[in-house]
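Chain naming follows the written order as A, B, C, D, E and F, and within any one chain the residues start at number 1.
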Amino acid sequence: MLLHRSTWPEIEQFLQRSRSIVIPIGSNEQHGPIGLLGTDWMCPEIIANEAQKEADILIGPTFNIGMAQHHLGFAGTISLRPSTFMAAIGDWVRSLAGHGFEKILFLNGHGGNIASIEAAFSELYAEASFAGRPAGFALKLCNWWDLEGVGALANQQFPTGHGMHATPSEIAVTQWAYSDSIKSADYHPQIAPSGPIREALDFRARFPDGRMGSDPAQATPEKGGALVRLAAQSLVKELGAFSRETSPR
Amino acid sequence: MLLHRSTWPEIEQFLQRSRSIVIPIGSNEQHGPIGLLGTDWMCPEIIANEAQKEADILIGPTFNIGMAQHHLGFAGTISLRPSTFMAAIGDWVRSLAGHGFEKILFLNGHGGNIASIEAAFSELYAEASFAGRPAGFALKLCNWWDLEGVGALANQQFPTGHGMHATPSEIAVTQWAYSDSIKSADYHPQIAPSGPIREALDFRARFPDGRMGSDPAQATPEKGGALVRLAAQSLVKELGAFSRETSPR
Amino acid sequence: MLLHRSTWPEIEQFLQRSRSIVIPIGSNEQHGPIGLLGTDWMCPEIIANEAQKEADILIGPTFNIGMAQHHLGFAGTISLRPSTFMAAIGDWVRSLAGHGFEKILFLNGHGGNIASIEAAFSELYAEASFAGRPAGFALKLCNWWDLEGVGALANQQFPTGHGMHATPSEIAVTQWAYSDSIKSADYHPQIAPSGPIREALDFRARFPDGRMGSDPAQATPEKGGALVRLAAQSLVKELGAFSRETSPR
Amino acid sequence: MLLHRSTWPEIEQFLQRSRSIVIPIGSNEQHGPIGLLGTDWMCPEIIANEAQKEADILIGPTFNIGMAQHHLGFAGTISLRPSTFMAAIGDWVRSLAGHGFEKILFLNGHGGNIASIEAAFSELYAEASFAGRPAGFALKLCNWWDLEGVGALANQQFPTGHGMHATPSEIAVTQWAYSDSIKSADYHPQIAPSGPIREALDFRARFPDGRMGSDPAQATPEKGGALVRLAAQSLVKELGAFSRETSPR
Amino acid sequence: MLLHRSTWPEIEQFLQRSRSIVIPIGSNEQHGPIGLLGTDWMCPEIIANEAQKEADILIGPTFNIGMAQHHLGFAGTISLRPSTFMAAIGDWVRSLAGHGFEKILFLNGHGGNIASIEAAFSELYAEASFAGRPAGFALKLCNWWDLEGVGALANQQFPTGHGMHATPSEIAVTQWAYSDSIKSADYHPQIAPSGPIREALDFRARFPDGRMGSDPAQATPEKGGALVRLAAQSLVKELGAFSRETSPR
Amino acid sequence: MLLHRSTWPEIEQFLQRSRSIVIPIGSNEQHGPIGLLGTDWMCPEIIANEAQKEADILIGPTFNIGMAQHHLGFAGTISLRPSTFMAAIGDWVRSLAGHGFEKILFLNGHGGNIASIEAAFSELYAEASFAGRPAGFALKLCNWWDLEGVGALANQQFPTGHGMHATPSEIAVTQWAYSDSIKSADYHPQIAPSGPIREALDFRARFPDGRMGSDPAQATPEKGGALVRLAAQSLVKELGAFSRETSPR
């Protein structure tokens, strides 16, 4: 069930049978010569969308702009500063918790988001902690590539050249979902270099075509489809376990 | 051309021929008994998507959560506070301006966003004004219902019961785009009441089913399609005029 | 009754008979060749002051610095950024609401303030909405030129060359109140140009003497006096209606 | 010369002969049984207004709401939080410095403002210090009661019962300026108690009628007039010395 | 008793017998040719540490970075902006108050901190004042040089050349505590100049070696020891009086 | 070399031979029945202090309060919110970078700090990225337990019951450094439970004595000494490698 395709009475009803929701969250940022700028928000959206076809779970709208300051040297990247990102996550969570959602799972598509999302969670919990009261909600961050079995499948599909950014696995996922937006390019070198992540100018100098350690040429829609189906199943399991979890208080 | 379905080299190329971009912006909020929660961000997204099929214009990802504090009393609404909303708009604009976009048109789908978006624009311009330097970009807010001809068409389609919120015109647009998500309901009264907008509890008391002055039962996918086609054409014209505008400095 | 000319026991007494207050709010900004820098905060102050002579209403101190970033290219303009302005309005309202004021009417003298004031109202309401509690107060923004009958009178007094900034009507109001500060100038052209409002450098280039669409030479103290008297009467009515309004909750 | 009664060309001209400006700054807060709520912003406004009649100095609009959180337990008090107050002072200073004002003297009327104003100055200087550049302006805080000779005169006028809040000297100043707003009351005890300043509820419990250590019954308009005249003269001297000061860089 | 050398059950026990705590607070900033960069946070830490050997009082960890923007022109200075400093003090106080501490005494070692600390206190009290509730805690700022008898002793030890920054008294205190970090230098002039404090570049131009009005050559470890012993005793008395103080509510 | 035990001319000299600095950073929070509240800031301070005895490296003052919101249910914990923590880290870095430090290594002692520190780094880099300029500095986060060889040694010392919080390794380090502050307790169970980290009330309910997965009884000063010596050596190596790193730009 997609929240944004539902009416408020339908959500009110859903809350009678479940207090859990999944929010796809990602980033809009360069993904090398063939990766779509929307890759990192499309991947969790695609997987979550697939998951809700199989199970009675609720998917919220996609949080599509994240923390991508290091990619700002490449055209098309849109980034929030961590402080803005955290404030926005805060308002999303407060809105959802106000309706009675108690388990909010952020399905993340961008490694660069992780620190800011966790800091945002702590900022939210801190409101309760400073006030000496229960938060009323539990938050969980799941990177889609960490869902059960997904990493193993990606390793099997791409034993070399998976890398850290503009990876063949994420590009494969978008190729499966948007077959009319498949691009191609030549790579020099075939597998991109690695290194630390700092400000945008430094990033562009280290990673001239935007890739980090990856060889996107290995992506195919078929591999993407396999990843999506597996990730969708694992997401349903993960959300189920999270939903059943009880607080010791 | 959709930014998020493009690669960074494609955007770099686009910037050689145009410095303009359209950002659909809306809200995820209750829209009465049959309106989708995503109505206000879907409408500008649908129209912008249609427009880029006909003309060489660039559409960014959709800014889907806006200022909807008054709707928080209805399940499914997600709102940013104005200050958060403004900070996020600021980071979007700074990201885009950094790439060289000089004309940024926000195609808006939610009346409640207007004040905060304009305040965000002023906050951005103020950075330049306090520093005594040019901003380097111009910002424009267009509500899709104010695009040339659209209001007249909506008046003709819905001479009574259009109202201010959960209007038949916006619901028709989403019905045209998402024909598998068309809902129905009974209305008491047929045309919803009107009144001032304050905090969420007050809003829910005044407008018990979420509608303001509207009769959504008049919406049809066909009417929505007519609105989308006209709005898309007018958006292309509006963006053209904005793009051709020169600064006196 | 002027709050700042009263003692706290007098205000405590006033609260026994009324829960309403008027806050004049404006801006300190350039008003063309003959307009006073204080025009936009003086006008609502003058009108409110006149109104309280005729009726038992309470007028607070004047909020004299508003959102005037676009005028910063002209000497003497003092502006708050929208975010600062909103924070300050927030503290004013929280202070007044804490004393028991339930209807707070901001009588505004500057068009450029409107978006930020409304965003500030939403920010305040959002505190209650996120917390799921009543706000305890209602806020209203009235531009003095929108008070009943005032626009019609101004149209009649100045059928052409009224314009949008440094208008003959606002200058007339200050001439009536401060007859020792009446200035004169030659205008080229007689009626100033119009155009969009952006950052300060752009504004000064478009509107070299600071006027927008106006011919201030038509202002006279007599016209100003007529405007003040009518606006004061309409303000009393407006406040009365607002005071009598009840919440549906 | 009053900035708000001037036009922008007049200020532009003034900047040819001086780079200094005085901003009266105070607070709108309870002042005991007979003190006006506006006392703390009226006093510096009255003195500055008097001073500009005698000398070619420029007085800005009055910053009338300050840091009065401890007085919020008394009706009519309006307070900014220190953080809001500092942000607003920052925008005032940035506006004025942008026009070329290099010496900005805040003539203060409220002891409770001092820490926040000085913190605001440091916040402004810190922008330059972190950037390793000159600030371009110098800021000075003068409490009107500390102007040369004023404390001695007040001691002579009120050898006992001057106190710290709702003092006979500040009430005398407002009595001189607003003779139609002179109030009277009985006092129990004649001289109010003293003690520490904390939050509003604590303050009201310690100082039930709002006074701190003072006996306002001693105020007369004549004493106020003498204070104003002396303070005005001393302000002109103080501003002159500040204006002549040069930076060692 | 040192909080950071204790366990949580030990602090829980301490709270059974006392609700008071001392927080040493200072700054890490240049202190002229021989003063240690840590002087301003070491002094209150040394004194508080000494005091807790003699009495059953609780000392928290040292708040070692304060408001030192004007010293940023000298290598090794680390400064918070006032707004950051205030936010951090706020979180310290909220943490401590949450555990039940009702009297929090900040023992300060840096004059430049005073305004920001007091503004931070007001910001904290304002939360309670705006909400119309008791704060639940009382805050006190004590500069170590203002503790009973300390100023007199320093005057006697250093009748001339004490000055305002990099004073012989504070340097003597660190010499007593860290005898392996005693430095020496020649001074030109022997007693440093005085003047106003503004941004860092201005400060360095006025005070080329970092001292203000002082002759640090007079410092000796013995004088430091005498100052520490006296200050420690006075701190215990001051804290006792503060602890015994009751609220009138 | 300890920055706070140095003078500014000594730091100016150091900057001639190195542009690197280490900042110990931790948290002041409960560490179970026998762990000191200062454990997490003492550990990196102890290790860094040891390291600078062996090599010509510079250690700054200790950032002793971090992100410990989840521990606020235990007396003595002091926490910053993530947003405050990030603002403070920002000011530390800006101060140091202003002096010419180009490599700033934060030696961290608290797992709960990691997300906020990394978010703070991104916030700092984002300033440069949005402005399209080089940052001028590189930031590195090292947890002391991740320094080369340290994890392996801890595993060998504590093959079971190391756990995640109030671990025997960190307690051993403080026992070695502060042998007069060694505490003891009985544990039920001997090895504490594990689980997710949320707000403070939830944390205290899950982990009643404050430990997470650990058996602190295994700590001895000797084991601590071995950890410190190894960590100090590895820190020198790590800093050396970081210092030698060059930017590709």
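Just so it is clear, contacts are C-beta pairs under 8 Å (C-beta built on N, C-alpha and C of every residue); 3 or more make two chains touch, one makes a residue touch a chain.
Given the structure is predicted, the values throughout are model-derived calculations rather than measurements.
Asker: Based on the averaged CA atom positions, which chain is farthest from chain F?
Answerer: C
Asker: Any idea whether C-E or A-B has more C-beta pairs in contact?
Answerer: Result of the comparison of C-E and A-B: A-B.
Asker: Once you find the CA centre of chain B and the CA centre of chain D, what distance in Å lies between them?
Answerer: 47
Asker: Find the geometric centre of each of chain C and chain F from their Cα atoms only, then give the gap between the two centres in Å, rounded to an integer.
Answerer: 54
Asker: Report the inter-centroid distance (CA atoms only) between chain C and chain D in whole Å.
Answerer: 25
Asker: Where does chain E touch two or more other chains at once, residue-wise?
Answerer: 72, 79, 81, 83, 91, 95, 98, 130, 132 - these are the residues of chain E that touch more than one other chain.
Asker: Can you tell me, using the touch rule above, whether these chains form a line, ring, star, complete graph or other shape?
Answerer: If you draw each chain as a dot and join those that touch, the picture is no line, ring, star or complete graph.
Asker: Identify every two-chain combination in which the chains touch.
Answerer: So the chains that touch one another pair up as A-B, A-C, A-E, A-F, B-C, B-D, B-F, C-D, C-E, D-E, D-F, E-F.
Asker: In their complex, what parts of chain A are in touch with chain F?
Answerer: Interface residues on chain A, with respect to chain F: 67, 69-70, 72-73, 79, 81-83, 86, 112, 114-116, 118-120, 122-123, 125-126, 128-130, 132-135, 138-139, 196, 198-202, 205-206, 247-249.
Asker: Please output the residues of chain F touching chain E within their complex, sorted ascending.
Answerer: Touch residues, chain F against chain E: 3-12, 15, 28, 30-38, 41-42, 60-65, 72, 74-81, 83-84, 87-88, 90-92, 95-96, 98-100, 178, 181, 183, 210.
Asker: Chain C touches which residues of chain A in the complex?
Answerer: 91, 94-95, 98
Asker: What part of chain A is in contact with chain E in the complex they form?
Answerer: Going through chain A, the ones touching chain E are 130, 132.
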